[in-house]
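There are two complexes below, and they share chain A, which is joined by chain B in the first and by chain C in the second.
Right, the complex of A and B next:
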């Protein structure tokens, strides 16, 4: 573990963000609109409150975190290619996975902010009250879900090292997680053959834990308890990190073997 | 007239080359198919989950079928100025003796074709994946609506893109306008659900009339029956195009007068 490289990756991502902080807005637009759509369809044009609004806001927060994570992971490598800094980074003695991990940690922080912006706007517009059943536990589960989303982002950015089409592929990946994570729509509504896809995604379990902490009554995913949700979410996140690590080892070996830094 | 036409044709040709240089036609088609499939499925599930009698899954599928034009044509046209800034080619464009309006219009042709492909794919999904009943639909009228929507949203995209020249990161307004239809254009629920002040925006968007006309055509309406919403949509598209002409000219004048090329 190269902590200095992780810190440097984190710091560099932060500097880039503060140089142009408006980049956060595109990743807020789509999740916020989804939340609003759910609220308007449910309300039928009249004022509503209660579990539907709470679920829409919670779901919107998760979508916000995912959009931020996906956007950062796709742009982190793509921007290096555009700026011409990708080849020197690959050629440096530092394992690229640590640089990407640092960047993912920054996107975690921004993703959390993204979620809380969605919560705050919904509160201002709809007065949701966000009457959480267990607020502290809820905060912890939000943090865990975001970290889990970041590990998915880390894996994606590792895979994007292999292609110049990262930005294009990222647009495809936005909606599948909206569908499979159960953030807005319960996983039980998906056809049975899709359930395994949801179950292997750490964020699905994080979302379930969030619902446990936020709602007074909640029927867990596969009948699991909140403790089991947390354990599975963490385990799957570790698996994502391990896969990302081996993907990056493969890429680095290819680069050293063929001397082609951007084409494989 | 040959001057502007030459610029439009040349810009379109260059744009096609650069677009296909990194992402080939097959990959682009796959991206369009997957993005549309998952976004339509997401809203299909959302409508099924909420279970409102007037917002059925078929209702949202028809709406999202037309919305797909916004996410392709409107986004790509609105985002042209952002891409030029990103690749550092906006300054040469501004200093070239050609009018920027024609160059941007040429570059928007790719978006028009993208929109046509996108809506064709979405209609196929609506019929064959989501089981929307097109037995009484007037398919030729739907085709005309799709084509006119692409053209009309190009006008709007040009206006948004021209304003984007002023911004440092114009992808923000490009994202906003391409997704806002999900909320304000009757794509996922009737416009009447929205508060009065928001409905003003709905009626200023060409997409609202496109969605309305498409719903009528799926029910079997003839071209003359949908002529009113179509006429309003065309007029709106033209108005936006004319506005963009004035804005492009304004920024050209400012940049030449002040010498501040690309930053206003």
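Right, the complex of A and C next:
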């Protein structure tokens, strides 16, 4: 573990983030639009209230978090390629995965901000009467879900080292996670063959835990309790980090083999 | 002095879609001694940058081997140790975070090298002073001129105090004054004991800085040694030297159509046009071309000893960039 490189990646991403005004799009405008869409669809044109709307708001929050994580992870390596900073980073004697991890942590923070913006929009602008049963537990589950989303983002950013089409692939990857994680619609409503995909994704269990903490009544994923949800989410996130590490080692080797570090 | 870099039959091929593999570096071998400035000369596409990338562990060779500071460049177990002891400066605008300040850039890369924080802050200040950017240290790089960016590139490459520094065309596209300041900087770095590998296609730069060099052409070594030795390689050739008042463009067309004539160069010196060329078949007769140059006002005409540039053009077969 290289904490200096993780911190450096975090700081660098933070400075770049605020220096580029387009951060507002994935961080504020996109969650705002998503929340509106989710609330109106869920309310079915009737009064905006009740657990169904709360579920929609939670979904909107996850969408915001994932948008942030994916935007950050897909642009991270592409940006370095275009900027010509990928090679100096690669040659620096530290594993790039640590820098990417730092950047993912930054996107976690921004993702959390997105989620709370969604909740604030729902509460203040639409008056959804968002009342949480267990606020502290809810905050913890949101944090855990966001970290879990970031580990998926970390794996994706590792894979993006091999490709120059990060942005395009990111667009394609945005929606599957909404579906598979249960953020958009409950996993139980998905066709049976999709369930295994949902079960191996940490965020699915994080979303389930969020619902446990926020909704007065909730039937857990595969009948699991909130404690089991948290444990599985954390375990799968750790597995994702380990996979990302080894994928990155493989990808770095391939980049040196193909000579594609400067292509963009 | 011991050899700090040993290159043996190093080859790098690239796959090109629907075409045969492109051989960028074709079985080159050379050694670099500790503390020297070693030149890799050659026209664009000669394989200089590919060689630098392999020696700096940013590209695997297709075959052959190389050792830098005793480390095999392809050994994954030791590659991180090697990377911490070397660094690369690339010419051009890219390679820095434009929305970060000069100091933030240096701190970021220092952190990647794991430089202790106290040492990092002191070193960043020293490096900014070394490259003359102290006053611009807190300005975003996007507001820098090209020369300032290049100086910051050098500072970035020194954050880990490397023992071996690769400079890949560090003065490309810079004005003469900035180029000179960068050459002075390179000399200072060499004086401080660093081993420097310099790629360039500016012959005066190589002549001024390099202790020894290899000349690459189409991925192969076509010449090696000190400046004097490389000149000796073409000592059988004398160079015709004609100084004219006007631009002898028309006369050059006649020379270019003569397959026996090679290495034609014209540059303006003190308001006059200095043309040089040599003959493939041996010592040329300068007066054979007097007639063609007369309309342009000949000031002097005669034979000269070949310069490094003449040797370079002869050895690379007069490849144009």
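Before moving on, here are some points about what is shown:
The rule is simple: the second predicted complex is superposed on the first by the 234 of 264 C-alpha atoms of A that agree within 3 Å, B and C clash if a C-alpha of one lies under 4 Å from a C-alpha of the other, contacts with A are read in each partner's own complex, and residues count from 1 in each chain.
The definition used in the following text is that a residue touches a chain if its C-beta (ideal position, glycine included) is under 8 Å from a C-beta of that chain, and two chains touch if they have at least 3 such contacts.
Since the structure is predicted, the reported quantities are computational estimates derived from the model, not experimental observations.
Touch criterion met: A:88 reaches chain C, while chain B stays clear of it. Of the two partner chains placed by superposition, only chain B is touched by A:178; chain C is not. By the touch criterion defined above, A:20 reaches both chain B and chain C. Once the two complexes are laid over each other on the shared chain, residue contacts for A:8 go to chain C alone; chain B is not touched. Common to the chain B-facing and chain C-facing surfaces of chain A are residues 20. Against chain C, the residues of chain A that register as touching in their complex are 2, 4-5, 7-8, 11-12, 15-16, 19-20, 83-85, 87-95, 99, 253, 256-259, 261. Residue ranges on chain B touching chain A, taken from their complex, read 22-23, 27-28, 30-31, 34-35, 38-39, 41-43, 45-50, 52, 54-55, 86-87, 168-169, 171-172, 175-176, 179-180, 182-183, 188-190, 192-194.
Chain A makes touch with chain B in their complex at residues 20, 22-23, 25-26, 29-30, 33-34, 36-38, 40-45, 52, 82, 164-165, 168-169, 171-172, 174-176, 178-179, 184-186, 189-190. On chain C, the positions that touch chain A within their shared complex are 12, 14-15, 50, 53, 56-60, 76, 80-81, 83-84, 86-88, 90, 92-100, 104, 107-109, 111-114, 140, 156, 160.
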